[in-house]
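Here come two complexes built around chain A, the first alongside chain B, the second alongside chain C.
Let's look at the complex of A and B:
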């Protein structure tokens, strides 16, 4: 098949995913506890319709697009970098380390003084995790090494978060940390969106430009090098891009898992198992999946709020398990 | 362990309290070994914040074996001067068994430890959280009776009734619509002591109007449409305390959507327990609301 027909087929896939994202965005704007016309989005003045649309539902949709898209993208990029279908920001410990950075900033009240400290600390946390993972797992990690290194990083971050909960001087602070960690897009504001956006854009750019190198990496590091890729730079771009997107996302929404695992896996057959073509598709796919999940938490009738991160884990963890079994069979 | 926790209706709790009170009096005479000099004044140990409040309000200093440590900021701030010098415990079973109080006064939170202490022969009395002022009034009298301090119990109830009467006299024809709104959207609905205190102070509880029973969450969207006139924040904490959900109450939607709503800070300690804080809660809340209403009229 020629590369032109690849482009046409990918174009069709991306168009379809884009349409899905658009439809889900409108549905997400329309769903809520009060019945509000979509026209509230364009109303001026301070009527309840305008405020609910512009200050509550719009930031929710925008953050779902940003966080979902970058999680899907980062998952696809990590899987390409580590040449392992089981890599995912949550599973390799990037999300929990980012959460640790964010919790520390919130816990010590630094956020109230410098709001920018929140995404920066979360990004540094994610950076430490992905860097540590790369050191622990080596250049060509097996499935077991990767998962074990991920567990090690996650439990390290988890234990320090537990310490923060343990040491919180009153039960309300402890409850706040726990609920925040569950991950949610509820009651976020445009301020949160504006806080995360620059980092997300920078990280997305770094990840999207690494596509060609990821393709070359499928042939092995030596081949990639002979093809003229500076692997040190490629690795830096991918690690930094993942840290920027995952860190800033976790900073404003808490940890939302498994999007980065599920989306690339579902889309890979449609892009001929080629990492470069998987990246933009995973970006759109992540947006669609997180939007759908966020609509789900509002439609599923529960007495108390069902947290978004809980729903994605409930769906994602069995998926992961099935994937582990499948991968093991292939490896044997 | 869960099956230990009493989950029956409040009537059971009150009956239990009454029964335990009666038996404690009867058994008190058969165990002179552990009694204090005054036969009718049992020595009591508290392992609960609300029980702390009751003991400070009603018991003689010699009757108090120890008070539960912790929670001072939220429940005992207004008692802190008086608590000085009173022994404190860490709510451990070891302390309960070693201290051998005539009565171990607990709430619902420390029940599992209290059950173990009971197994070792310590007499346990558990306080239910009152769900309105009427229940709180009965509980004051019950605890006072348990402590052999009926006089003080009646005085505290009289105090409460007076603050309610004063609040009622001050009340306008139109009730102010208010809500307690915490980080995350947590609110108190109907069938809570908070609702009853708000009612006594002249505030119509918006959360109850929206159909919330007991405590739970009210969506920010729903609150924006309901348009409360007063928003009470009872979680004002020490600035150094860690907090995650700070920006919830500063959300632009609340600022833009409810610019008229008066934000009032009200210490949580006042309505967590049905004891000494209750009359203070009613009168200070009534004062805050009437001050707010007066300001509104000035503006007009």
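Let's look at the complex of A and C:
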């Protein structure tokens, strides 16, 4: 019965996903309006190749890895906590609440004085949303409660964001907020990456260490407790981990939806539906999907560059609908 | 092994346990019986540490239950919830292996002893042939046996099961009860909540009859299963016959006093 050991069985899947991430990272570095050799990454000095590679394309790839990976991971973790395949940071309102936090910092000009306020406000926004969801939907929410609570939290955050746009002093700053909200990895710098990284690492660690507890939770909260898990601490780790990763991601890239819904759903059959084994797979899967989407927005010929968040929503929303129809039959 | 003294528990405005004393020794199989709302499940939940009584003390070994670290307690006491189920369509052997979680670190793979415990629990509950099947696709009876296997795989000294035979056909009910009795006789302690009085009388070494949050009667099946006790607690007129396999309890109708 060596099949009980998950390390060996999942090794091949994780290796494949890792290879996919590596290939997509290289492709993402190579794609752009001008053709630039990859050697620009290692050039020193102020040559155009070095600047474009190191200051434009490298942060873009690094942020795709961080944001995509953590969105996939947070989706898998939330779905494990709520035992519901429809839970996703965007759908439960965490992304829009994080965006609200970030918009307020941008709107009041705090960002220029104190850049760290941007991720911190976004993280607090996400934290409030996941906490509120837990209060509204309870510990074992059905599909409908989850979606309704998500709608309530999202609408609340959305209306305050609309207020900020409505009240913005000039059309230019309103447009700036709107475009930022659409979600993109374009024109991000290494500073953005460095700003988000510590929060991402902390959040990822919190989420990854909760794997065994998520496995226990498949048997319900009571049984998980009698298996020795302190559920108060588990919930805190998962809520804080989601808020840290989603909040810091939204702070630097805007809201990018559906990665956390699609990735765990696609990978779940490959890990025997076991929540713990789904976590590392979803981390890599999220990286791959966001890299692919970010390559997509640069290759799809449109007059203005298609925003990343728009593309993921265009693909993700129909996927979500299909999933609702499927789970409605199973989970009612 | 475990002693509870003067347990009181409130739920909202209701006092669901009103001064319950309970004692469990190794090798015993105790059946908790009583009508709906008598406090059986509440007592069981207190005994496994899921609820903290507002008054009274529960001691496991030489320590108060509240002072046991969660992990250590989890390897001493296994709990099987009423109508337990798995939320994701995981393979049977994976679910049974979850019983080994109290013995493993966060990312630790199961060792040979864990694999052996899982295998033994699946064989004992007759689910070994289903080990690669998705649990959610199994029949209710098969799922119940998978959950029982999961609780046996813990390898705990005490097993506390809330209606483990509910929803099973008579053949599987007897199979599960015999398995639990064998488990107790092999030196473990078993406490089960039951509604079937004949099964309780036949397989349990001791019965605790509860009514309205208190212990109404306690002792061997013959001492507890008397027409007087059953009339007082359940309000039924029961015929109790001695059969070569044990007592046979046949509820014949409602007691006239009701």
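As a working rule, the second predicted complex is superposed on the first by the 326 of 332 C-alpha atoms of A that agree within 3 Å, B and C clash if a C-alpha of one lies under 4 Å from a C-alpha of the other, contacts with A are read in each partner's own complex, and residues count from 1 in each chain.
We adopt the following convention: a contact is a pair of C-beta atoms (placed from the backbone, for glycine too) under 8 Å apart; a residue touches a chain by one contact, two chains touch by 3 or more.
As the structure is a prediction and not an experimental result, all values here were calculated from the model.
Shared-chain residue A:275: touches chain C; no touch with chain B. In the superposed pair of complexes, A:222 makes contact with chain C only, with no contact to chain B.
In the superposed model, A:230 makes contact with chain C only, not with chain B. In the superposition on chain A, A:164 contacts chain B only, with no contact to chain C.
Contact with neither chain B nor chain C is seen for A:299 once the two complexes are overlaid on the shared chain. Contact with neither chain B nor chain C is seen for A:325 once the two complexes are overlaid on the shared chain. Applying the stated contact rule after C-alpha superposition, one finds that A:179 touches chain B and leaves chain C untouched. Shared-chain residue A:108: touches chain B; no touch with chain C. Within the complex, the chain C residues that touch chain A are 45, 48-50, 70-75, 77-79, 81, 84-91, 93-95, 97-99, 101-102, 104-107, 109-110, 114-115, 118-119, 134, 147, 150, 154.
For chain A in complex with chain B, the residues that touch the partner chain are 32-34, 36, 46, 48, 51-52, 55-56, 103, 106-109, 111-112, 164, 168-170, 172-173, 176-177, 179-180, 187, 189-191, 303-305. Those residues of chain A that touch chain C in the complex are listed here as 1-7, 83, 209, 211-212, 215-220, 222-223, 225-230, 268, 272-275. The touching residues of chain B, counted against chain A in their complex, run 71, 73-74, 183-185, 216-217, 219-222, 224-225, 235, 237, 239-248, 251-253, 256-257, 259.
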